[in-house]
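The two complexes that follow have chain A in common; it is paired with chain B in the first and with chain C in the second.
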Partner chain A sequence: MPDTNPPSSVRIGIGLTALGISGAVVTALMGVYYAPVVDSTAFNAPEAYRILYWHVPFAWSSFLAFCMLFIGAVAWYKDRSDWGWRWFSTGSDLGLLFGLGVITSGPIWGSAEWGVPWDWGDLRLNTFALLTGVALFLVLSRRSQPDGQETRDTLAAVGLFGFALVPITALATTWYQKRHPGIVLVSGEETGLDPAIRTVLMMGFVSFLILFVGLAILSNEVIRMEDRLEQSKSELDGGP
Partner chain B sequence: MTGTSEMIVAYTILSFILAYYVNHLRSRIVDLSLQLEIFSSDSEE
Partner chain C sequence: MGENGSGKTTLIESLVGIIPLTKGQVEWFSEKDEPLIIRNHSGTRKKPHPFGLTLQSDGVCGEEKVTERLITALNVSGIDCSQLEAKQILEEWGMSHRGEDRVSQLSAGLRRRLAVISGMAPAMMCEAPRLVFLDEPSEGLDSFSKGVLKKWIGELSQYGNAIVMASHDEEIIACSSRILTIESGEISESKNNIEEELYMERQFLSERETKTISSLFTWSYSIERRNPVDTIGKATPAILALLLSYSVLTGMDTSQATLSNTNIGNHLTAALILTPAFISAVISPAMIRRLSEEECGKWWSAVCGPQFRPATSIIASSMLLPLPLTYLSWFVLEGSLPVGSSEEILRWLWLPSLVIIDISCAATALHLLVSDLRRSGAAASSLLLIVLIWPFMELVDALSVIMEVGMSSEISIGSPLASIIIASIISAMVWAVAVIIPDA
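Coming up: the complex of A and B.
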């Protein structure tokens, strides 16, 4: 008889997700009320910069998701392992979730700060949009195509090639900075941050890391339960 | 213009995206648990 009680991983996932969301809310409140306002002569919209306290952790989380997708795709090709496919699926879901957050909040900040929401000449903006497009393609394809080895092979190949955009996007502002700000947490004369701003950003990073792990556990468990249900259905139908 | 309204709009959208996905996972887990329970009781019979 299959065990139908929610596994302990679900309870751990719920706990981590709740903790991560709480931390994200505290980060937003600290970003609004604790972090200092930036120099109004250097910024066109000094209050809008506070969007970055969620925008940047969203971007970091999306890169974690794409790394998870990549590891899952490699594991799927290497051993045809179920955990590899679950990692791939979870990575594409979370890549889309956090990627959507980045490409909606970024243009809102851009329209306030730059006067335009998007710059078609900026490498990072466009490669990140492509990356989110790849995640959207993978999520929609998984939902619409019959699940089987051929489908998984094809989608894993798209994911592997799509992952090539991650290092390009990450290093885009170092190679070719046009409009998007550069790496913010690296110390230096040009990129040095106010300690309060850095503290809130790090708080956001830790909170979103916990949230990411919680969501990944829950998403992984949903896929595992879907597989068990499919297996139960085929057993009931007298299949293999 | 300081960008306060843009900040509020951005946080609202990001909160909605997170809430939507968390609720999606919650409803999937509840639904799948229920279905697995039905299959479990069917197989017992």
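Coming up: the complex of A and C.
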């Protein structure tokens, strides 16, 4: 009988993912019920700020995912290494997931606070949108294209193209913003973060980091298993 | 030789530069026997010396005419060939009566015959010895064509040309003097004694400097002239967008008095004028779809070398449409829009239109990058085009300033000239990145 028990890395991945999701839910509850209301004179929509308890950890996690994607793309391009491809694939999956979190939660807050959901002069917003677009392209293409070195080369090139867009976006938004005054996020006196706010934010960071690690382990294992399955199928192609 | 999937095609495509090398290098030995690295695994890719190539897929676009295809293959290789001379070559293969047919009208066997002729003719018609790569040349050929193929292989060999073939066909393998067998990734070599026949002396065609890029342009232009799907495919959505804008605007009160209420200002006006040209610029060019047919793009990429991607991204872009579309847009919308000095706008409208050509080149480079995928039709290339929104917005800004205060030669942030330069720089950077990374 073949061993049907999942490997220990999968069990760890599932455990961390469950823990991360629970932490994210607790962060949301703390953000709504525990975190204090901010100064209503400093914000146009003081209640809407609570979405930042998810938005900011989403942004950090997607930043980590995009870094993983970049490192994976470089490693694949340089040595055609399997680990590079797994990092690239995991980075694009997680970049899409967390990136979507950023670019949906951001405009919700922007609508309430700025009065507009999108600002073409905002660097971070646009960089995340472009990288999420690239990640979506990569995830869809990995599913629709036959796997092989040529496909991987092209997708790694698109991944690197996504990263080359970051400085271009920076220049484009900077030039564009020079005519459009930047949006003021916090007006009034500079104050430090309230300890309760800091606690909830830290809770969010840790939870999303655990979720990120859990999902990365699972994604990595799924890709490794897919590769093994494909290898076994190729061996069977030769006939009995 | 080798079983299915053993790597014969991979070897040929690696040698000609279609598949990037992961190890080793391809060297070309000059007449003085000095090695010149054409390609290596660290990304060196030089323009190849002219060679003949027949891919496993025919590498021919269905829109080409038979004679045109042969002449193109010879021209790319630096050989002048007239219609009459091409017809004589086709006659030898029993295809002269098909000379004016489009490739799409040919049967699979005839298409294969044409692909083989196009691969061998550059060496056959040239006095100086050349290299020829043939991938499964006899696949799908009838006994007559196979006979001509064997005769040509013998002749090429007699004149000192080198032929690299991948084949399962024993008859063709028997024509080879050196046989490499690929088995489980290992290459073994054996010699084969072939009986040399003496062939009649052939009349060679005149040679000239190779002009691969101008041949690519001529090829693209003549196909588009025959079937202008690119122009129509780009112009139709642009004109629809224009008519839609016109319909919406004619239903609105856009007089100056109500400007502040309806938010129709110079920005919106400029955006509406430039949108049709922008749409035509970002649509996937028909040339890229043509290059995807039967791996036609692979053939061009191999013969053109490293210049293929940058050249194609410019040739396939929307060069002619942005200017007329922008002026048409202006003339259609002018009556419905609250704009100031018409003369000043008319005088300078060409400038943002020209930058839309830059945007088009960048968009084409991105479409070309996506077309490298085997199932490019299944890839969402539009996701990569989002970055081009900035050059477009810069142009909208520039045009709106021209509408408001007129054109000035001043280059400072916010001036129309600076915005136009910035739009051009952003497009050029996106183009450069999309062209450089895949071949790096």
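Here, the second predicted complex is superposed on the first by the 205 of 240 C-alpha atoms of A that agree within 3 Å, B and C clash if a C-alpha of one lies under 4 Å from a C-alpha of the other, contacts with A are read in each partner's own complex, and residues count from 1 in each chain.
In this text, a residue touches a chain if its C-beta (ideal position, glycine included) is under 8 Å from a C-beta of that chain, and two chains touch if they have at least 3 such contacts.
Bear in mind that the values here come from a model prediction, so they are computed numbers and not experimental data.
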Open item on the list: Between chain B and chain C, whom does A:120 touch in the aligned arrangement: first, second, both, or neither?
Closed with: second
Open item on the list: I'd like to know which partner A:97 touches here: chain B for first, chain C for second, both or neither.
Closed with: first
Open item on the list: Tell me the contact category for A:42 with respect to chain B and chain C: first, second, both or neither.
Closed with: neither
Open item on the list: Looking at A:80, would you say it contacts chain B, chain C, both, or neither? Reply first, second, both or neither.
Closed with: second
Task: First (chain B), second (chain C), both or neither touched by A:225 - done: first
Task: Contact breadth on chain A, by residue count: chain C or chain B - done: B
TODO: Pick one for A:108: touches chain B only (first), chain C only (second), both, or neither.
DONE: first
Task: First, second, both or neither for A:136, with chain B first and chain C second - done: second
Task: Set intersection of chain A contacts, chain C complex versus chain B complex - done: none
Task: chain C to chain A touching residues, read off their complex - done: 5, 19-20, 22, 369-370, 372-375, 378-381, 383-384, 386-387, 389-391, 393-394, 397, 413-414, 422, 426, 429-430, 433-434, 437-438, 440
Open item on the list: Which residues of chain A touch chain B once you look at their complex with the stated criterion?
Closed with: 1-2, 4, 6, 10, 17, 21, 24, 28, 32, 40, 44-51, 54-55, 58, 93, 97, 100-101, 104-105, 108-109, 111-113, 211, 215, 218-219, 221-222, 225-226, 228-229, 232-233, 235-236
Task: Interface residues, chain A side, partner chain C - complex - done: 77, 80, 120, 129-130, 133-134, 136-137, 140-141, 144-146, 148-151, 153-155, 157-158, 160-161, 164-165, 168-169, 171-173, 175-176, 178-179, 237
Task: Interfacial residue positions of chain B with respect to chain A in the complex - done: 1-4, 6-7, 9-11, 13-14, 17-18, 21-22, 25, 28-29, 32-33, 35-37, 39-40, 42-44
